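By written order: A, B, C and D. Residues from 1 in each chain.
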């Protein structure tokens, strides 16, 4: 394992120090418990939008803290959900009197820890709502599993709800919006190489020279199926088809297309994939009206990609276009 | 070789199609010859700032085309400088009557091809100046080599000169600014893993499990020395020290610190490195006043990083902060 | 011959040593069908618990168990943090403020722990989780409750070991391993393994 | 027995085949001390040249050489594009619009090509570049200029081959390989190798 780290057990704290140094104008980064706050938190009378999860998915979530997006992010250890005290602290420090919305990716660990945190925060007197995102269509038969995972769609959800909260939408409104977004966003990913968790020291799985893992999550867990790697056309189809089966879109429907790198895939390849996805959607008469291309929800140095489709309407387009000022997403300011 | 591509011989054209689809509002992407233009080019009475080079360094250069930065980028084949006709075409399409400044990274191929292009453009009646950037301190004894390479500093140069041109600074002024920036920006890089050029199909070099290449360029070429990988502290020191030897900075001097990923290094590691670099500079009393952290000048999927230091003054800070609106850098708009 | 606060603290210190020794094994098991952090997570949590115990050992067995619960909840993270945290919390509640725990109390605490895990995680026997180790352990502990504390814990440990082994052929239906579907079969569940390791340690160290 | 436009075109088509066959070798040589694109770059350029020749073969040898120059300049890129482009451009200028090239003309064209490469690239013999192959080739060609065209090209090809081999122990001082310093020694320079391959092909195909 070769990594730019000093010690696996301090990697999250060390990275937070770098994040704080790089974005001191935007962020207030706290340790013990680790919480990344908007520099101007709490914002009076604004719903606090809070998320968090294991580290190793950067820029998710700390890179999305700032005006128009998250009020706080709670980074866990690498690929390990944060603990309830982090989330409780984040709620306390961002509560502007309008309550807090917790955005939780659907993993057993995340759900359980945020559940406990929500109880603790409620006991502190803050009104808290939790929305669980589970956009990964790779997980089928959800009665026989822990359910679909939260993956790429998370960043879109955080942006849209963050924009609504910034405009003064109340807790009910933010929660309703979040549930609506969760209902119409779907993702699917693949890996060409595994990643190595610093404290594990070994790759999360091994893949043959011509194999890829289809239907991976974002924690270096193996996918559902191992298939021949194939061409970019084949890869994009393998991601897009299950999404379109699950999210019925009619000709003329409007979507946001998010082409995401798992971290190690270079931008040149990501643009190749994005171009193909745009072409395939155009062939079906689906109108791509907004797009996001880049490494936004990653799995350490894993090579691979995911596609996310969000069905758009005027309200969502407006919220997407609203100003955002965070380390990783910025426009309109 | 596993990559998200259809065919090594079409990878640049395919990626350009994806870039065009993703950023149709900002860019006018042309093929035959391949040129990435600002959507509103030519801008009347503005100096056209043009760069280009081999592909595989994305977002450099195409991702830096737009208001406040480049008017055009000329992408060559992967790791191969563009041809003169591309540059000539870029000049013709962006000439707003105030002349063109060509920003060329110091590689024999780039210098020769841009040289020919400058002659052709001059014959077309456009006033053209060329500035060569050579910020890589890894190359020593420049009398015995092709000279220092242009690496990370290129993005800073493009931003600063682009901002000046946008404000209406004339060709002489832009050229003088560019030469001043080149004089006070220095970089150094290291690689933990090689990269694989699509048409070559094999890694550019091989490294042992505990080795790193120190003093690499951005073309997958081996570095000057192979050394044990070590800790993040050691890596950052190994990059910072030669830079500081070459760019004498006194206590109290102001700098921009650019912590760049070579492509495959995850953001969590990059932030670890950035935090260390900030600490080491603070220990020397050097004031980091601006920073850029991310994968901006990459070498395909190579894992590794580079550090770039630019000595700042009020004028450069103002130009750095000026609005920019490109696919990869955006603020103030 | 009941179990005092000091005994419980010693058992937890022993558990921390065992977790540290088995850290890599648990990481490897979790890498195969999960995300490779189970050993690291537990090790971080138990190391934190030892630090707290070094500062101060609560007066009652219940107090020690409660300290274990809150420490694990705030340091482990992941699925195992809340699940083991709840297990210790319910165990603490079940023993109240008794100064010593007899065999009945220990069996009752294990039973409460299992109820807590099931309440939080909603897993059933056969889902390939720690519940597959803890359920037979509770049944065995109850059956042995007429003996001494060591009998209860030894019976629980043996049953947990078999329960953990029984997860190998199973297809996971809860937790991260469930994403693998059929591919999760043929692997020992890391949480079941850690449960069996903890019980074996408690049995060894119990008075 | 001079060399016509058709002969030059045939020689360039043969060169395209040889470059395609040796593409991987040139890529490998360039991977060792450069960036691994030399074979790909030349192959792209010569393939484009063949397409152009398929459309129309210019009337004079000079015209064919000029077409080669402009095609290589606009398709090869990298260092080799402008260098080989300039070489062919200077060769074209040197032969003017003669309908046939005799041995003197061919030797003169080679000499002009070398001057062009040196004017652009500023390399000297011993810098580990294509100049190390082309310089002895020009010397040998001049010495053989009293014979036939084939004698000139054969002499050039043999000298180029030895010149290319001579780059192996050298430390590069020009081009990308120079960044490697001492580590560039022990490798054949890819541009010297391609120069020697091209001359060998021209010798084989010359009338």
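Before moving on, here are some points about what is shown:
Simple rule for what comes next: a contact is a pair of C-beta atoms (placed from the backbone, for glycine too) under 8 Å apart; a residue touches a chain by one contact, two chains touch by 3 or more.
Keep in mind the model is a prediction, meaning the values are calculated, not measured.
Grouping the chains by touch while chain B is set aside gives A, C | D. Note: the chain lying farthest from chain C is D, by mean C-alpha position. Per-chain CA centroids place chain A at a distance of 32 Å from chain C. Chain geometry summary: the mean Cα position of chain B and that of chain C are 54 Å apart. Taking each chain's centre as the average of its CA atoms, chain A and chain B sit 29 Å apart. Touching two or more other chains at once are residues 78 of chain B. Counting only residues that touch two or more partner chains, chain D has none.
Arrangement of the chains shown, judged by which pairs touch: a linear chain-to-chain path with two open ends. Listed by label, the pairs of touching chains are A-B, A-C, B-D. In the complex of the two chains, the chain D residues touching chain B come out as 27-28, 31, 34-37, 40-41, 44, 73-83, 85, 120-121, 171-176, 178-181, 183.
Remark: chain B residues 9, 33, 54, 76-85, 107-109, 112-113, 115-116, 138-141, 144-146, 149, 197, 199-200, 202, 204-205, 217, 219-222, 224 touch chain D in the complex. Residues of chain A that touch chain B in their complex: 2-7, 11-12, 14-22, 55-56, 58-59, 63, 78, 192-193, 195, 209-210, 212, 229, 231-233, 235, 259, 263-276, 278-279, 288, 291, 293, 295, 298, 300-301, 303, 305, 330-331, 333.
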